[in-house]
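Order of writing sets the chain letters: A, B, C and D. Residues in each chain are counted from 1.
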Amino acid sequence: MIVILKSGVSQDRIDSFISDVKEKNLDVHVSKGVDKTVLGLLGDTSKLDPEDFLANEIVESAERVSAPYKMASRSFHPENTVVKIGGDGSTACFIGDGKTVPLIAGPCSVENEKQLIDAALAVKKAGARILRGGAYKPRTSPYSFQGLGPEGIRILEKAKKETGLPICTELMSASELKYFENVDLIQVGARNFQNFDLLKEIGKFGKPVLLKRGLSGTIQELLMSAEYIMANGTEQVILCERGIRTYDGYTRNCLDVSAVPYLHKVSHLPVVLDPSHACGIRWMVGTLACSAVAAGADGLEIEVHCNPEKALSDASQQLPPVMFEELAVKLNKYAAVEGKTI
Amino acid sequence: MIVILKSGVSQDRIDSFISDVKEKNLDVHVSKGVDKTVLGLLGDTSKLDPEDFLANEIVESAERVSAPYKMASRSFHPENTVVKIGGDGSTACFIGDGKTVPLIAGPCSVENEKQLIDAALAVKKAGARILRGGAYKPRTSPYSFQGLGPEGIRILEKAKKETGLPICTELMSASELKYFENVDLIQVGARNFQNFDLLKEIGKFGKPVLLKRGLSGTIQELLMSAEYIMANGTEQVILCERGIRTYDGYTRNCLDVSAVPYLHKVSHLPVVLDPSHACGIRWMVGTLACSAVAAGADGLEIEVHCNPEKALSDASQQLPPVMFEELAVKLNKYAAVEGKTI
Amino acid sequence: MIVILKSGVSQDRIDSFISDVKEKNLDVHVSKGVDKTVLGLLGDTSKLDPEDFLANEIVESAERVSAPYKMASRSFHPENTVVKIGGDGSTACFIGDGKTVPLIAGPCSVENEKQLIDAALAVKKAGARILRGGAYKPRTSPYSFQGLGPEGIRILEKAKKETGLPICTELMSASELKYFENVDLIQVGARNFQNFDLLKEIGKFGKPVLLKRGLSGTIQELLMSAEYIMANGTEQVILCERGIRTYDGYTRNCLDVSAVPYLHKVSHLPVVLDPSHACGIRWMVGTLACSAVAAGADGLEIEVHCNPEKALSDASQQLPPVMFEELAVKLNKYAAVEGKTI
Amino acid sequence: MIVILKSGVSQDRIDSFISDVKEKNLDVHVSKGVDKTVLGLLGDTSKLDPEDFLANEIVESAERVSAPYKMASRSFHPENTVVKIGGDGSTACFIGDGKTVPLIAGPCSVENEKQLIDAALAVKKAGARILRGGAYKPRTSPYSFQGLGPEGIRILEKAKKETGLPICTELMSASELKYFENVDLIQVGARNFQNFDLLKEIGKFGKPVLLKRGLSGTIQELLMSAEYIMANGTEQVILCERGIRTYDGYTRNCLDVSAVPYLHKVSHLPVVLDPSHACGIRWMVGTLACSAVAAGADGLEIEVHCNPEKALSDASQQLPPVMFEELAVKLNKYAAVEGKTI
């Protein structure tokens, strides 16, 4: 950590500040400029918040030198993490292996058995490797369809049995974890990405996690939330960029494609992109998906529904099977440029 | 709801769309322009999501005419809601009465009994009406101080007994509600403002709620989250603006002072401002607090600590008692311009 | 335009409002709901600002049905516009032809003759079709290098003669247009994208224009600025997305890749992406460039410098020739997926 | 400037980097940590851009210690700047004197002589000290009213003669400066706040300047733009916060009231707030104006029109005289809390 002191501070106050810092088991390097004094704090600074130093009125600014996350950091763990999904009653899928760009596909919500199984068969046929479907739905309005809950999970399990696809679904409350024993990939939604109590419980549960970036989550916050899960016991974490909130509303959110190369640089965790939520408009999903593959995404999550116009949620962004099939063919071509397959 | 159809759509498809809409128990008014057809959907549209209409490819755009919230809306409930805090083992405080601008003050975190009681006595002396203190702390890093939990609540209860001040503290997980029986005002933090499962459980619990706007929460989302609480049984909801996230990081967040007059216009719920989290810098808190009173805030939440430099969280923004006392005097002068007191 | 009136408005006031609107040569369709009255305004509404209707206190909201831009709109001009750059003393390049993704490359600033010619030869060798270089530099600080001005243009002209590449450079003030006679593509920078006086003069000048989106420009504002140029006489306008400003500063700006498909949908003008300014970090430029091609960009603008570390501006984002050559090879592979070449 | 080097860099490369830096007439302090080396660059760093250091691949990050602006900085000029407006053919008004909060009021656009003079008399009667009115209008659409130009200036001069009020109007192009000889305060609009050529010419012209913050301008960028004007000869600069662009569109812009105390801390220049453009809604202007006074604003700019519904621009936000008069009375009460008057 670098702490810059205000100009004109007496040596006494500087000494007293330095001795306070040393009490925290840190070493201090002092660099005196013409005008200002700069302190380098050395040691384990991960528990410190740079903003807290500003409480001392002799401090002008404080900045981290090293990242506040450790387990999620590439410098701590140089090799890529490959997350294994399913394999137990389903065909295993690997995310982050550098050779594949698996598609996680299925409807926004589980609505009933027929609807889910139809969608599952359709996405499997097109080449998807994991089935998604929401049983618990985070809806902005209390009057909207809230999901089938445990019954939705049961239907997902049935689809898994029929298709052999591992299943991915969202958890909204730790008290529902008891229903997630057969879920292969647990999703944390954008609105819960800093629900720290939920992150802790998921970390203890041990299943692979798909962690979505919050609507206005910074890259560093996303990695800190991954750190919560990892520090609680689960290292199989997939990061998911799904569009951020900006000043312009021409799409539902703004796909931040730069997150892929940047996360790959600073972290060893795989990065999946969700073009469906990023744009929220059916006709744009395919173009963004291609763009995501070219950006190096380790997988894609795409919403597919056999009858989107009648869907109970996110009707405007779900693809019908025919569009998804065509898209999968094209994605394979983009993946091939780097020697990968979907 | 106004639905605008694309140009060049056949009458058959328009008729089929209209009959689909009528199945949802809505009336449809058709207005044909030179180029486009505009449909007015009449009836209870609160369960509809305008975006879902976009799933139908004949639709160009869809917009609400009436707000998606009801119970939180001023048109549904024209009179101001006055929220009563405490009164049972503490001195009752009313927020939203139009005559007072009560101060909710105390440390960021409950650190130990002496620290909290000292702060409680100090803020009471200066004129605060409610004591705040965090027992459960939503920290970005898993390595930061996470709060004392139930022991923190116990200390708050003790401070309440000693000072007669009602207590306000944050809930992060519904599973902890069992410790909140004696809490007078339950805070929902910015990071949980769309944790819908938490909102439902708090709504069922029945205690007054202080609902903070999310870091990038829209005003409409804030009201929809209030609606979750109200639809589940608790109408005593206070809305809290605490700074939003923008492109400029010169302050921790950006106090959106316009939220006060706007929320007063569209909702009957009281609005409290939190200048401490808005700026995150001690010397700026007072100025923003004055500005908030002039904007018509129904109360202020301000962090106070007897020794801010040693605080375990948010050290840079907590006021020492002497600054808080001076501020309270000045706030009273600003309140007096509209015939109010703190 | 759709105008929604407040509830409880007397028929007299509605009638008076309608007759005011009709004076503007517009037809009015009235649709009465249970609660609110909705007016459809028909005719040429392009000169109206929906916000102005709010001045009338009986109006609750007002929204456009048709876009406020005309000449830039695809509904007005269904065929793609192909912009021809150069051809007179240089090899012509076509942007927007659907068959090529031309690269516009060269240094951020023209620093001296040798520096520019070296860069020009390097980018030509790698396959770039247009040479860029800044003679007038919009620098945040008055103390930074401000560009060589007319001498920079002279050097660009020399490089054009030596390499046969058309040249692209930024104009900051209409008073300098006299030096732009031999410039093949005039760039309007992000900070001047709503400098309407400049847009008007450029429109009258008649040369092809590369119009950059402002730091927080909406897609609609970008199209309105294109409309300024077109309405003043120049229809050869290329739109350029170069990264927008968001709350997260991990890259210099945030590449909004969705702008490509969206602009293609609503406008006939070609869309170029600038990955260099979008990220501001050399190692990320290539990945974003690939992503841009997959998103359907009609061209790319990339900064290249033979000795980036010594560059007088934007040192951190310029590519050395060897990186640019490798990138061009890869971009050709991505372009090939859709049957295009760079 | 603090430059942090990547870990594992050879001493040779560090030495070579340091000698490069020393060539720029800077001293370098080296601080070696366990892992990383931190360099403190001492001397005049105002011409350096921290981002440029990232061009060198041994550099991990670079941050300024001192502000990049000088003449606008309070550390360079500790006393408040008081800007004198008018006095020559009008009654002088002082902005930044700490005793008054002058109101700059008048219509958005100068529409004709009667309209402006009526508004001028009305605002003078209510207590305004400076008359505003737009002769050159920066409109998003080329089809909207663009202002009367030189004729508008002539009308403003006439109003000045009739009322004795100094006049303030916006300049959009340096080529029009010839008409500004009798203008007392030249406004630079939000869209031109980084039109550096315009800033330079205004700086040379010598009249007091009201510089508006850009729609997504940072506080630092605002001060750098002031620096452009000051470095070119005009030290009489007033900073104006007029609302910024955020993710939420419930108001036209978001009034960033914290800018007042922050700018007062880091700069000696006066700060004026523009509540009209901040919200864009007539009924909210007054509340924001009160809030601005409580935040310590040195003046307010407020749009007033005798018949807002018929205004040719910004109809929805202009106040009729009766509202402005009532507001002026209330603003005086808020100003009185700090011993000031409007």
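The rule is simple: contacts are C-beta pairs under 8 Å (C-beta built on N, C-alpha and C of every residue); 3 or more make two chains touch, one makes a residue touch a chain.
The shown structure was predicted, so the numbers you read here are calculated from the model rather than taken from an experiment.
Asks: For chain C versus chain D, which are copies of one sequence, does the interface use mostly the same residue numbers on each side, meaning over half shared, or is it different?
Replies: Mostly the same residues.
Asks: Determine the centre-to-centre distance between chain C and chain D, using the mean Cα coordinates as centres, and give it in whole Å.
Replies: Those two chain centres are 27 Å apart.
Asks: Taking each chain's centre as the mean position of its Cα atoms, how many Å separate chain B from chain D?
Replies: Chain centroid spacing, chain B to chain D, equals 32 Å.
Asks: Could you say which residues in chain D touch two or more other chains, in rising order?
Replies: Within chain D, the residues that touch at least two other chains are 216, 245-247.
Asks: Considering only which chains touch which, label the overall pattern as line, ring, star, complete or other.
Replies: complete
Asks: Report the residues of chain A in contact with chain C in the complex, numbered from low to high.
Replies: Touch list, chain A to chain C: 216, 218-220, 244, 246-248, 250-251, 254-258, 260-262, 265, 278-279, 283-284, 287-288, 290-296, 330, 333-334, 337.
Asks: Enumerate the contact residues on chain B facing chain C in the complex.
Replies: Its residues touching chain C are 2, 4, 7, 29, 31-36, 38, 40, 42-43, 60-61, 63, 65-66, 75, 216, 245-247, 249.
Asks: Would you mind writing out the residues of chain C in touch with chain D in their complex?
Replies: For chain C paired with chain D, touching residues are 46-47, 49, 51-56, 68, 136, 138-144, 172-175, 191-192, 194-198, 200, 214-216, 221, 224, 227-228, 231-232, 245, 252, 280-282, 308-309, 311, 313-316, 318.
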